[in-house]
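Report on one structure; see the data block that follows.
Chain lettering (A, B, C and D) follows the sequence in which the chains are written, and residue indices restart at 1 in each chain.
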């Protein structure tokens, strides 16, 4: 294989890994939006928070796998609490109030993190065995990125199973189109909202831990992925998981190749892409409602 | 009394859309709620269901005041709701639409009277043929049947049906009317809002007539028939 | 002379055909009622004529000019006004402000940035004049959302008329009104549309037969009959399609 | 007549207070006031969209920032660029940006509008960061000359003097606020409110919805740009993180929301409250954003109608009681 091809393939894997991470973050965002109508601007903050949890757990125990297990759960619990004690209270005031509340939350989480862990970038070592390169068919791949892709696929699979094979999933899919009606059929929708919100933040948390060794942990670590996740949700269509998946992978690749060829314009490309899509499809590719 | 509503007051913002509303439904009864547009019929159902929060008043269901309960709790005490526009889940197949209505997700095997998918299909044969279709692919009449069937899956003792025949083709109007009567025969009480007077008068045991935001008349079909001036004032246009 | 004509109008919603070869003719100065059972396509026909949708096929001609696919604001500017079946006012604005919108439009005041609207004496006077004529001067400073149902409906109709259109399209103006309110609304409509052309969708046969010079019956997206009230009353197709059903 | 008289008295008293303010409080609070006034204007322009037209601009910093950068760049690169044109350049830049974006923005409302403005705001932020040779990136553009207020042959006032600048800025901002207030009272202003309540009906009354929205957008962008221009003159430094970042977009939303969306003056009150709060906070902690975040949360939870709304409620209650007793 020629070096150029190898480079293309390497970029593709980079893009795929980032796209998968992006999907983990965006999927929670889009389900929460679809069900509750809340555009959660603090969503990426949970991603970052989980990264810090991961750092602390690794510092204490030295075990990445333990961090992967616990940190996202910690982020998820924070999400549950936020839904239960803050968002639910302002639900009656409408979506603007909810949106602003998440803005406040975003600022608070950021400042709390800065106060608690400082503003330095902190390295997270890749777990043993995943830090090397693997060579297949004359080409080398970074193992960790393959691991990211694999893990994301597993999470994706579990999510699909829950969503399409369980009663909870059925309820969630129904609630995305009409939450009030679901409630009128005897389902405790406030509880479902809370669980889904928690699950969504857990997903962001998983992404946070997995991304930590790649991005390092610092207060700005959520900036790009948070913004990208919004683009994914908007372009893919509010509330559409399939849309989020397709667009996340596409953006991942766009990002990877963009950085390769036009480093300065790469982020611009993404926003331009979003503007073009919205100009023609204000609901996004797979969106059905405002 | 199965359901007894008293002094119910509901506001949308500052406008007082239900003023001291009162009504009752007995076991096995078929009760119609009539009135013109904008009088508060749908709001009455929504206030009972908890979809709109009433400001004051009592909603006593089987001896328990459920006013102000969230919708899911109202549903759990045994009230089914079939909304205007049907509001079926468009992206779910018919079977899943029905399954969502099952309380707790399991059909009570110990109860021989429990509603099952098969039993719903027996009442609405048209749905059976469409059981794999997505909700959005159904016709208006089929959606209405599905919406009623979905509420029955929760084994309610009372269902509240909002405008069951609205927007349906004439031959379907009669069909839906007959289905409601049929379901009532099985022991389910029904409170329904209807603006097709013919359907309402032929179906209901008892009627409530709403004037502006409050009750204007209550009685049997014969009693309303005997008072043409009331009918003229509140119903005919 | 026809003020409004449609020729071979078709419209469909993703595969579902709701208008089928509709040829409607409305003469200048006449009061034309469109009746038909629910789902016949009456409101869709209104929406296609007033520019909410473009028709899938066919032509709309207004005042001798082809206006197929024109947007609502353009149609309003050449003299078409409409009211809605579902009351559609500016809910947080007062009755006065609602009507004033129509007066501003009639006076072609759009991008005036140099005077306070409250200080425009002639606009205020004209608006108050309209309010008096529609018996809403007592509710002048009430937000539209606080009006009673009947008065809210009157406001809805009056907003369409405030722009002083040559052709008024009223979509079920008396829907949900009591008999007294209906009676008043009919009088109001009669008074306000003096000398104008009116097309009205209406379910109340008393209103239709007392108001209309000509009636068009729509059934399943097609025109099944069109003619003066007496003729329509006797038409067997119409009876089968529609009139037979509304009797209680 | 009496009403007119009392209005005059309010104006005169207000202006006298503004005139002697710097002498009374000293230079530090004079500058705090200028900061407050700039953001008051900026928050009012946001409320033209949010409170009047009913759409949330989530990237409003782009108008503010573009105005600030244009002024800063004009002053940096054009020798002897005069003061008032420097302000105009900022306003023009904001208006131009709004004009360019309007074909897209007028098509959407609700969440889509918020998202689209957020996206464009970020796009411009990223562009400014990347094109360092123009914008100076994170370091920004600074140290440009501050022109004097010059009417040839009549007067020349040195604007590097902070007291002088205070008078200049406050005068410009009062004029701008008055213009905007007048704008909301014009026939067109009443149309804008109509868009908020029922956008569809606007079209059926013969007004063109998209044009109406676009003009309001441009007015909002223009005055946000002017606010940015004053900021550029005031700070003598314009950096990406200072004028284009997401925090600069959130600030006016918070101000408008705290003050109350329903009134023209709400955002001004909101700006005042936040600036006071900031001043107090700085004495205790550096973490101004934490306080902002908490304020966001608390206001949404406990004062959804804003401070002006709370006052109105209290007033209504009070008068009600009075009537009863």
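In this section, a residue touches a chain if its C-beta (ideal position, glycine included) is under 8 Å from a C-beta of that chain, and two chains touch if they have at least 3 such contacts.
None of these values were measured; they are calculated from a predicted model.
Enquirer: What are the chains that subunit B and subunit C both touch?
Expert: none
Enquirer: Please state whether C-D or A-D has more C-beta contact pairs across its interface.
Expert: Comparing C-D with A-D, the pair joined by more C-beta contacts is A-D.
Enquirer: What is the chain whose Cα centroid lies farthest from the Cα centroid of subunit A?
Expert: Between subunit A and every other chain, the largest centroid distance is to C.
Enquirer: Could you work out how far the Cα centre of subunit C sits from that of subunit D, in whole Å?
Expert: Chain centres of subunit C and subunit D, defined by C-alpha means, are spaced 43 Å apart.
Enquirer: For subunit A and subunit D, what's the span in angstrom between their mean Cα positions?
Expert: Going by mean C-alpha positions, subunit A sits 34 Å from subunit D.
Enquirer: How many angstrom lie between the centres of subunit A and subunit B, each centre taken as the mean Cα position?
Expert: 42
Enquirer: What is the distance, in whole Å, between the centres of subunit A and subunit C, each centre taken as the mean of its C-alpha atoms?
Expert: Chain centroid spacing, subunit A to subunit C, equals 50 Å.
Enquirer: Pull out every residue in subunit C that's touching 2 or more other chains.
Expert: Residues of subunit C never touch two or more of the other chains.
Enquirer: Could you check subunit D for residues that touch two or more other chains and list them?
Expert: As it turns out, subunit D has no residue touching two or more other chains.
Enquirer: Give me the residues of subunit A that touch two or more other chains.
Expert: Residues: none.
Enquirer: Taking chains as nodes and touches as edges, what kind of graph is this: line, ring, star, complete or other?
Expert: It is a ring, because the chains touch in a row that closes back on itself.
Enquirer: Applying that definition of touch, give me each pair of chains that meets it.
Expert: A-B, A-D, B-C, C-D
Enquirer: Touching subunit A in the complex: which residues of subunit B?
Expert: For subunit B paired with subunit A, touching residues are 49, 51, 70-72, 74-76, 81, 83, 87, 89-92, 96-97, 99-101, 103, 105, 150-151, 154.
Enquirer: For a test of understanding, state which residues of subunit A touch subunit D in their complex under the given definition.
Expert: The touching residues are 39, 86, 89-90, 93, 95-97, 99-101, 103-108, 110-112, 114-115, 227, 230-231, 234, 238, 264-265, 267-268, 271-272, 274-275, 278-279, 282-283, 290.
Enquirer: So in the complex, the part of subunit C that touches subunit D is made up of which residues?
Expert: 50, 71-73, 76-77, 81-82, 88-93, 97, 100-102, 104-105, 109-118, 120, 123, 159-160, 163
Enquirer: What residues of subunit D sit close enough to touch subunit A in their complex?
Expert: Counting only subunit D, the residues touching subunit A are 56, 104, 107-108, 110-112, 114-116, 118-120, 122-123, 126-127, 130-131, 250, 253-254, 257, 287, 289-290, 292-297, 300-301, 304.
Enquirer: Mind listing the subunit A positions that touch subunit B in their complex?
Expert: Touch list, subunit A to subunit B: 167, 170-171, 173-174, 176-178, 180-190.
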